[in-house]
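Labels run A, B and C following the written order; every chain starts at residue 1.
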Amino acid sequence: MKTSTPTTPQSNPLLEVEGLTKYFGGLRAVNDFNMTIYPGELVGLIGPNGAGKTTVFNQITGIYLPTKGSVKFNGVNLVGFEPHEITRAGIGRTFQNIRLFNNLSVLDNVRIAFHATSGYNLFDTIVSNNKFSQKENEIVEKSQDLLEVMKLSRFQNEIVKNLPYGEQRRVEIARAMACQPQLLLLDEPAAGMNPREILQLMDMIHFIRDNFNLTILLIEHQMRVVMGICERITVMDFGEVIARGNPKEIQGNPKVVEAYLGKGAANVA
Amino acid sequence: MQTISQKQKSIHIVTPNSFLAWIGKFLLILIALFALFVLAKNLIAKPTLFAQNVLDGLKLGFVYALIALGYTMVYGIVKLINFAHGDVFMVGAFVSFFAVEFLGLHVWPIAVFPDINPLLANVLGTITIILLSMVICVLLAITIERVAYKPLRDAPRIAALITAIGVSFFLEYFGLLEFVFSARFIPYKRPFEEMTWYIKDGIHQVEAGVTTPPGSITFSNIFVVIVIATVLAQLFLQYLVRRTKIGIAMRATSFDKPTARLMGINVDQVISFTFGIGAAFAALGGVLFAIAYPSIKTLMGVYPGLKAFVAAVLGGIGSIPGAFVGALIMGQAEILTSAYVSTPMRDAIAFSILIIVLLIRPTGIFGEPEKEKA
Amino acid sequence: MDITTLLISFVKIVAVVAYFYGLFWVMGIKGKKIQLGKKEFDISILVNIFGVFIGFLLIQLALTPFGSFSILTNFDRGLLFQACSMVMVALGLNLIYGFNGQFSLGQYGFYGIGAYTAADITYRWVNGDSRGLIVVGIGTILGAVVIMLIRKFLTNLRRMPVLSSFTLYLIGSVLAGVVAVFAGKLIAPAINPFLGSALQPGLLNQQVPMYFVFFLAVIFAGIFAAEVSFLFGLPVLSLGSDYFGIATLGFTIVVYTLMVNSDTILPFPEMKGGRGMIGIPKLTTWFWAFLFMMLVIITMRNIIRSSTGRSIMSVREDEIAARSMGIDVAETKLMSFVIGSLFAGIGGGVYAHYIGFLSPGAFDFLVGFNPLIIIVFGGLGSMTGTITASFGWIFFLEGTLREILGKISTEAPSWRYVLYPLTLLLLMLVRPQGLLGSVEWGYLKSKVIPLRKSKNTDEVKSA
C-alpha cells in the first residue's frame, strides 16, 4: 500500500481520523480507518457500494458513535459530541440521498443552517426588536450571497421539492456552506446528474474551495469527478482502506481495480 | 472554534456504569420495588384472594388480547392506528345481543333437534352467535376500509388517522342515538347459562343460592370459554401468518408495499383481508366481553379498545405474540390496580406501565428496534 | 324551520371569520408613511395598534346590550370565549404537531392542568385563602430556576441517559414544590386577613386586585403547564413519533384520572373530583380573552417567522438533516412542546374563568381530539387556518348545527355529532391537507423576500 505525502506538510492537519471502527451488531462496517486531511485539500473517498464510506461520514459528523477510534478536528477530539455541535465546530455535510427540508423554500433551507449563528435569542424573537430584524436581514443577505454563488438566486422563493434534481443537489451544498464550515463533506454530490451538470458541479466545487477557504472531502462514484478534481484519494473496500494516493497512482493500483471489477481483472487491465 | 476546544476540556462523557447513568435506573428500580412490595404484601396477606384476582385479570387480559390482535395487524401493515377498532368490538357485542334477545338464534339446535345433548346445543348455539357477529363485523370493517381508508392510502398519514378518529366518532355517536343503541346500559342475555366452580380441596360446582366457602377460588365456564377461544384464535393467526400464502402476502405487504405489489401481490386485497381478520377477532372479543360482563352500552368499546391498543404497543406493535403478552399484562394491571390501589387509578397505571416500558424498550417488549439510516 | 335563524347564524360565522381576516390585515399593514411638515413618519405601527384597538371595540360593542338587545347574544358570548380558548390550545398544538411534527394527543391534558390550576388560585382567593396563588407562584418560579440550574449542570455531560436527567429534574421540581408549600404556609396567614371571605370581600378582593390576581393566575397556570410538559416531554420526546402520540394520549388519561380523583387521591377537596368544581369566579371578560389570545397569536407568529421557527420546521422536515445543520433537535422538540403547552395552559385559565365550572368530562381524551381535528381541518402549519377553524368549528358545531337541529326536534341536536365526523371524513377525502393547507394571511404571513439584483460573484468574499 502506498502512502502519499501530504500536500502541505508544514501546516497542522485539519482532520485526523485514527483507528475509526464501527460495528453494527456483529457486522463490521468500518475497520481501523485512518485519514489525515490538511487545510485546503480536496480529498476523495471512493470504494464499491457497501464499502463503508457513508458510515465514515456518519461517524465523523457524530450521527453514529464510533465503536473505537478518534476523530480529531483542529486537534479536538470530536467523539462524544452531538452532531449539531460538530457542525457548529466547523464540519458541514451533504447527504447521499438528498435530505432537504422539502416543504420549505430554497431560501429557508439555507437560512435554517444559519440558526446556530443567528445572534439573537428567543426573547429577541418574541418581542421582535431591532436586534432581531437587523440580524435577520444579515442572515437573508448572507443566504442570498450563497445562493448566488451556487447559481440558485432565481429559485430563491421556490419550494425546494419542486426543483429539478441537479438544483436540489446544489441547494444542499449551499445549505452545508451556510453552516460556515472549514471542512465540507460531500456525499456523492454528482449522483443522478447528467454530464453537463457534472462539469458545472466540478467547476463549482473548485470555486467554493478556493473562494471560501474550504477543505473538501467527497465520496463519489463517478470516476470522472473524483479523478478530475481530487488531489488525493483514499479507496475503501469491505470497511478497510485498500489504497491511498493521487489519482494517477490509484488508477494504476491493482487492488483498486480488483475491488471494483473483481479478481483477475487486474491482469486484464 | 475556540468554543468547542474549551468545551472539550469541560465535557464529560457519561459511561453506562457511572453514577449519573444509574440515577435513572434507580428511579425505575424504586418504582418496580414499590409495585412488587404492594403485590407481595397482598399476596402474603390473602393468597387465595390474590389468586382470584389474578384469575380475573387473566379473563380480562384474554379478551383484550383478541382486540389487540386487530390493532397490531392493521398497524403492522398500514401503519395506521385504527381508532374505529374499539367500535367494531362494540358492534360485535351488540349484534350478538340482538341475535340472542330478538332472534333467539342461540336456541336453534334445540328447536331443530329436540333431543340433542344440551351441552352440544349450547356450544352450537354460541358458535352460531359468534359467527354471525363475526360476519357482520367483517363486512363493517371492510366497508370502512374501502370507503374511508383506501382513498387515503397515498395521502399524508395524519389524514388517515383523522379519518379513523372520524369513523370512530361516527360509529359512537350514531350508536348513541336513541333509536340505534342509545346511551343506556343494556342488560345482556347470555346465550348459555353461567356455571361456577370453586377450588377448595378439589373442584366443586357452586349450587344456586349457596355461598362459596371462604378462602376459595371461583371460576366459571365463561372463563374456560374465553381462554379456549383466545388460544385457538392465537394459534389460528400464527398459522395463518406463518404458513399460508395470504400470510406470506401479509408479511410482504407490511415489509414493503411497492415491492410486494411488484411481486404480484394484490396489496389492496391483503389490506382488506387484514382489516377483516382483525374485525373478526374484535367481534369474537365483543361477544365474549359481553358474556363475561353482561351489561353493554354504546361507548363500551372506547376504553377496552384503548387498553387493547396499549397492550399491542406494549407488546411491540406488529407482533402477534407481543399483542397477547401485552394484553395479559394490561389485564393484570387493571384488575390488580383496582383491587390493591384504587379503581379509578387503573387507567392511569396502565398508561404509566406503557410509558415506562417504552422508555426502556422504545418499540415494546417484542418489537424490533427501529433502524435509522442517515 | 325558521330560515332567519339559520341565516343569522351563518352570517355570524362568516362575520367572525371575516373579523379575524380584517384584524390580521390591519395588523399586517406596513410602510404607511405620513408627511408631517418636512419630516416623513412611519405610522404603520400606530395603524396596527389602532386597528387592534378597533377590533377589540367592535366585539365589545357587539356584546354590549342595548336594552334587551345585543348583536351577540349571551349564547354567542359563550361560543366566542370558548373559541378564544380553543384558539390558544389549537395554536399550541399546531406548533407542536403542525410546525414541529411531533404527533401529540396530550394537549387537552395541559389545557386541563391550566384550567384547574388557575381556577384553584382564584377560587381560593375569593374564599379568603391566598395559599393557592403563593404556592403556585413561588413553585413555578422556583421550579423554573431549578430547571435552569440543572440544565446548566447538564450542558457539559454527553450521552447522559434521558431517564437520569429526567430523574434529576424530577427531584429538583419536587424540592421546589415542597419549598413552595412551606412558603405558602408561612406567608399566607399574613395576607389572608386582607382577603376577607366570600361574603365579605376584603381589601384585596375588590375588583382591581382581583383582576390582577386573575392575570397572575392565568400566567402561572400557563407556566405550570409548561413545566409539567417539560418534565413529561423530556423522556417521552425521545420516543418515536407514533409512540410519542400514544404516550401523550396516556398523559391526557392520567390527568383526567387525577381530575376525577382530585378530592381523594390529590389533596384538593375544593375541586370536588368527578362532581366538578363549582364557584370559580367568572372573571374572563372580552378584554381578557382578547388580550391573552392576542398575546398567544403574536408570540407564536414571532417565533414562527424567526430563526427559531425555521429550526422548528426543519425538525419536522428531516431530523437527521436538521442535526447536521447545527440544530439541536432534542432541544428544539422540547422547546416547541413546552411553548405549545404554555399556550394550552393559558387557554385553560381563560376557559375556566369564563365558564365558572370545571368538570373532568370536559378534558376527557375523546374531546381531546378536538384541537387535533381543528388544526388538521384548518391546515397543519397554518396559523390562519387554525384560528379560522377554531372559530368556524365552534360557531358551526355548537351554534348553527345545534340551533338548526334543535328546531327539528328535541332529540336532534345529538345528531350533530353524527354529522360532524361525516364532514370530517368528507374533508379528508377531498382536501387531506386541510382547508388552508399552509397558507397564511396578512399579519401572520411570513415576509416574502424579493429576489435581489445579481451582484458580481467576485464581490462575494465570505459566507
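Going forward, a residue touches a chain if its C-beta (ideal position, glycine included) is under 8 Å from a C-beta of that chain, and two chains touch if they have at least 3 such contacts.
The model shown is predicted, which means the values in this text are computed figures rather than measured ones.
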item	value
Farthest-lying chain, centroid of Cα atoms versus that of subunit B	A
Most centrally placed chain - per-chain CA mean versus overall CA mean	C
Highest-count interface - the chain pair sharing the most C-beta contacts	B-C
Separation of mean Cα positions, subunit B and subunit A [Å, integer]	49
Length of the line joining the C-alpha centres of subunit A and subunit C, rounded to whole Å	42
Separation of mean Cα positions, subunit C and subunit B [Å, integer]	35
In subunit A, residues with contacts to at least two other chains	63, 80-81, 88, 95
Shared interface positions of subunit C, touching two or more other chains	158-159, 320
Shared interface positions of subunit B, touching two or more other chains	7, 11, 13, 374
Contacting residues of subunit A [partner subunit B, same complex]	54, 58, 63-64, 74-78, 80-81, 85, 88-90, 95, 182
Touching residues (chain side subunit B, partner subunit A) in the complex	1, 3-5, 7-8, 11, 13, 374
Of subunit A, residues touching subunit C in the complex	61, 63, 65, 80-84, 87-88, 92-93, 95, 99-104, 107-108, 111-116, 118, 120, 122, 125-128, 132, 136, 139-140, 142, 144-146, 148-149, 153-154, 156-157, 175-180, 211-213
Residue ranges of subunit C in contact with subunit A within the complex	158-159, 299, 302-303, 306-311, 313-314, 317-318, 320-329, 335, 381, 438, 448-449, 451-452, 454-455, 457, 460-463
Complex contacts: residues of subunit B adjacent to subunit C	7, 10-16, 20-28, 79, 81, 148, 151-152, 155-156, 158-160, 162-163, 165-170, 173-174, 176-178, 302, 306, 309-310, 313, 342, 344-345, 347-348, 351-352, 354-355, 358-359, 362-363, 370, 372, 374
